[in-house]
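The structures come next, written out as structure tokens.
What follows is subunit A paired twice: with subunit B in the first complex and subunit C in the second.
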Partner chain A sequence: MAISISLDNVARAFGTVKAVDGIDLQICAGEFFTLLGSSGSGKSTLLKILGGFEKPSSGSVKFDGADVTGVPANRRPCNTVFQDLALFPHMTVAENVGYGLRVRGGNRNDRVKRVNDALSLVDLKGYGERTIAALSGGQRQRVALARALVMEPGILLLDEPLTGLDERLRQQMRDEFGRLHRKTGATFILVTHNQDEALTLSDRLAVMHNGRFEQVGTPDDVLNRPANEFVARFVGLESIVTPEAVRLEDKTCHATISGKHFSFAAPGMTAAPRKLAIRPDRVTLSEDGGIPVTVARHHFRGRHHELVLVTGDGTTITAEVPSDRSPQSLGIGMVATAELQDGALIPVMT
Partner chain B sequence: MFLLRRGLALAGPSFLLIAALGFVPLGVILVWSFWSWDPASYWIKPDLSLAAYAAIGEAGRWSVLVSSFAKAFLAAVLCLVIAYPAALAIHFVARPKWALVLMAAFTVPFFTSYLIRAFSWRLVLGRTGLFNTWLMALGITDEPLDWLLFSDFALMVGLVASYLPFAVFPLLLSLRRVEPNLLAASQDLGAGFVRTLFTVIIPLTKPGIFAGFLFVFVMAAGSSTEVQMLGGAGASMISIMIADVMRVVNFPLAFAISAIVLVVLFLLVLVGNAIFGFTRLFEDFK
Partner chain C sequence: MTIGFERRDVRATIWILTALSLLIVYLPPLYLVGISFNPSLQPGMPSLGDISLKWYGALVNERGLLAALKESLLIATVTMVVSTLLAIFAALAYLELGRLKNGWFLFVVFPMFVPGIIQGLALSVILNRWQVVPFWGTVVMGHILWSLPFAFTVILTSMATVKRSYVLAAADLGANWWQRTTQIVLPLITPGLVGGAIFSFLLSLNEFARSSYLVGRQNTLPLLMFGKMNSGATPTIYALSGVILLVSILAVAAVMYLIARRRRALAERSVEKA
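The block that comes next holds the complex of A and B.
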């Protein structure tokens, strides 16, 4: 059965470095929760604290309301898919998957059946007798998943499990995680530095930085109402401008940027934001009518060109222009105006 | 191709050196073991004779061979039993600084000669030695224990003390190759340390266990100082037996004994490698 998690002021210091710095968090039973952050943000340490591999310096961890802070990893009702998978190289696929059940004890036939069930759950039926070395990267990933899921954990911890896979496999496994989450109903905690993974899979996510949460919310919250500049930049909103004037009126936000007036619907907003982020894919260039800008840099990014535009007061705005627009007209130093299409402006709350 | 040729060219001299220093003497031993000894001239003559091998069966030489191997086997097993927990402690428990101190503790006794080390055990195990003095002072025994020195017990103590580092270091090497995450995974799946030790750590350090066993076995089987200094009256070992035979210039017999030892050790290496894969110790991980 899925288990709920409650963290109360959890901290972990290594010497003078606070890897996790006073985290409070409630995760509901059955939720898919993601810890998103760059390396060194403390997300892996927090996951280790949840798994019981790391003891918090202070604070408490509760599973379904029961304090498990001092309970070691082997006695916690959670299982982990490790970043490097940590499959036992001296065991077959079936022995790897059945390891936890063997440790737990119980009927042999029942164990064999459950191992087979777990293998078919991850589409590896009939692979039981193979050695780990004979498997591809994606298959190993599935074995690691099966090894954790066969234990029927209340909480499944995923430590950057998709790092190191090629893009196609990464997307395949990502869908697989979603499917397994729905199927098992367990609480899934994913640690990743990849915002796409975080945004597509999670019910809620926490953006972590320097051992603290910058924002906790749904993917929609984080994408469309980033709490601060750090979060905005982390989800790909590089252009952040401070409007000359901004006011909230009738659930509509009115802002003046470089002398131009813009407004957008802001339902549920209680105060006017100090800063606005500009979505690069909603910026278009035109001869006149928009914010006057100069093209400062130009990068080809495959399906689009990324342009770094500089306004009169030195603010940079990033624009993504589809590749099928002629690149000849995108020379550096070109003077144009940037027009903001619907949905281009995203409030950055603090 | 170019790199390969250059590699061969670079490796060439050392290869020749190994061949000259290693394989040529081995070949000489094998060839001479089939020559015969001429009592008239007191020298060897070219021949294809099994006389030397037949002579091994005489004068209780077989029993020396077998008991030497048995003692070496026991010493190797004892070394492993002592070295494994020690290696675990150095690897898992000790912090880097302490690990260094512990490793030094195993290595420093090596800096003194075999002779001195073996002799120092006499001072510990003798009738008026440290051990007997303590035992009597504590009232555990009334008179000194005789079997402590000049016995197989003393020999075993000497062998284990001498060759323990040869077991510790291969074990440490193989322990360091066990991915820490595998231990975390085992714990994650519910196993405590003892369980993890037997299901993950020991199976994955088999190459190191065998390498440690082999090193101690080979060294102990070839030892002579410890036997002479600590062994009982008439205690013999292969190397002492060979030295005795050499004294009467019976080279074919000496070489035949050596050839038998070589064959046993080669078989041990081959069988051991087939079962334990100890050459994996020298491969790169993954």
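The block that comes next holds the complex of A and C.
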């Protein structure tokens, strides 16, 4: 059964450093919730507090309304997939997966059956007798997942589980998490520094920085309505401009950037934003008609060219131009104009 | 860029140095074994025709020597068991301690640096004051002080293979402290435990300085042999040395064989279905 989580003013300090600085959060039962942040943001400490490996300096943690702040890890109804997986090297795959059931006790045949079920769940049927050393990185990942899932936890904690996998495996396992979440129905909490993982998997996510939440919301909220500049940059919106003039009129936002006028629909917006982020994939180059710019830097990124453009007043705009355009025409120092297509402007509230 | 190991002259030098070191280490004890087969009273290598087991036969009648050997084996066994157990707990404590780690390490390892004659004297003075009559147990006390730091260091080294996340993962899966220790930590440090135990046993068997202060009526083997050498050596001592050397070599060979077999079994198990 999925379990809901409620954090009330949770803080954890190491000496004078506040790793987690007064967090309030409600997570619904069965939700896929992601803590997104760079290293040192406090996201791992918060996960450890949820798992019971770390005691908060103050505040309380509740599972389904019951206070578990003082309950140690081995008596919490949640299981963890650790960053380094922490598979026991002296046990076979089946012994690893069955360890939690062995500790819990109970019928041996039933335990064997459940271990086999868990192994099939992660596509490792028949791998039970192998040693951990004989597995590939992706298989180990699955064993760690099976070891946690076999306990049928109400909450599954995932501590940067995809770090260190190659890109293809990463995407495979990412989809696997989504599938297992739908299949088990448990509350999943993922900690990651990778925005793609966070945006594709989560029902909701929290962007964490210096022990605090910068924004909590759905992927759509975070991507299209970033709460502040930090969040915007974190989800890949590097070009943030301060328009010369902004006003809100009839649910439409009008802005002037480098002398050009732009407008976009802004339903639900109550005040004009101070700053605007520009989505790089919505910027196109043309001979004239847009904002006059000079190409300052040029990087080839495989599927697209990334261009850093500088406007007359020194503002930089990043543009992604499809790589079918010949590179010769994108030389540094080239003068062009940047046109902003529909959806290019994203309001940044503070 | 080469380091030079593939050069013929460098390799030859390395081989010669290796052979020389092995000779220096192993020749004297081998010579001892050699003269133990000489039936004459004067020590010297026997000629091939003279080889005899005379002194080995005489060993059986050396009641004093055998009693000392028995005493030493008893002391070494008790020292081994107690030191290893204490070292396990000391190492587990080290694993759990935070900032006090380094202090704890120094505290446990310190007796290693106290000269044996001083430690033995100090202990015997205190035991005397408490009116404890010296017996094999008092020797064991001195030997534990001597062997514990070594067993602790050996076990601590193997503790490095126990990642903190293993213990956390076991806790996450519901294991309490006792289950985490017996099911995760101890199996992983088994090689260290075996090493620590062998180390303690041998250190105790060899120990002289502490024993000389703490010994009761029955001498330990090193004390007895030293005494015998002073009062003119009998060749039975050479025979006993031969036996001890042979048993040690066999014991080490047995342990290595067992470890190799276990490693092979593990490797086979992992290849089986791959």
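We adopt the following convention: the second predicted complex is superposed on the first by the 350 of 350 C-alpha atoms of A that agree within 3 Å, B and C clash if a C-alpha of one lies under 4 Å from a C-alpha of the other, contacts with A are read in each partner's own complex, and residues count from 1 in each chain.
Please note the rule applied: a residue touches a chain if its C-beta (ideal position, glycine included) is under 8 Å from a C-beta of that chain, and two chains touch if they have at least 3 such contacts.
Quick caveat, the model's predicted, so the values are computed rather than measured.
**Student:** Is the arrangement of subunit B and subunit C around the shared subunit A a clash or a fit after superposition?
**Tutor:** clash
**Student:** Going by the contact rule set out at the top, does A:Pro89 touch subunit B (first), subunit C (second), both, or neither?
**Tutor:** Both subunit B and subunit C are touched by A:Pro89.
**Student:** Identify the partner contact of A:Val335: answer first if only subunit B is touched, second if only subunit C is, both if each is, neither if none is.
**Tutor:** In the superposition, A:Val335 touches no partner, neither subunit B nor subunit C.
**Student:** Looking at subunit A, which partner touches more of its residues: subunit C or subunit B?
**Tutor:** Between subunit B and subunit C, the winner on subunit A residue contacts is C.
**Student:** For A:Tyr127, decide between first (touching subunit B), second (touching subunit C), both and neither.
**Tutor:** second
**Student:** Pick one for A:Ala271: touches subunit B only (first), subunit C only (second), both, or neither.
**Tutor:** Neither partner.
**Student:** Based on the superposed arrangement, let me know which partner A:Gly51 touches: subunit B (first), subunit C (second), both, or neither?
**Tutor:** both
**Student:** Check subunit A for residues that touch subunit B in one structure and subunit C in the other, and list them.
**Tutor:** Looking at subunit A, the two contact sets intersect at 51, 53, 72-75, 79-80, 82-84, 86-90, 99-100, 103-104, 147-148, 151.
**Student:** Contact residues on subunit B for subunit A in the complex?
**Tutor:** So the residues of subunit B in touch with subunit A come to 179, 181-182, 184-192, 195, 199-200, 203-204.
**Student:** Inside the complex, what are the residues of subunit A that reach subunit C?
**Tutor:** 51-53, 72-75, 79-80, 82-84, 86-90, 92, 99-100, 103-104, 126-127, 129-131, 133-134, 147-148, 151
**Student:** Contact residues on subunit C for subunit A in the complex?
**Tutor:** Residues 161, 163, 165-166, 168-176, 179, 183-184, 187-188, 266, 269-274 of subunit C touch subunit A in their complex.
**Student:** Tell me, which parts of subunit A touch subunit B in their complex?
**Tutor:** 51, 53, 72-75, 79-80, 82-84, 86-90, 99-100, 103-104, 147-148, 151
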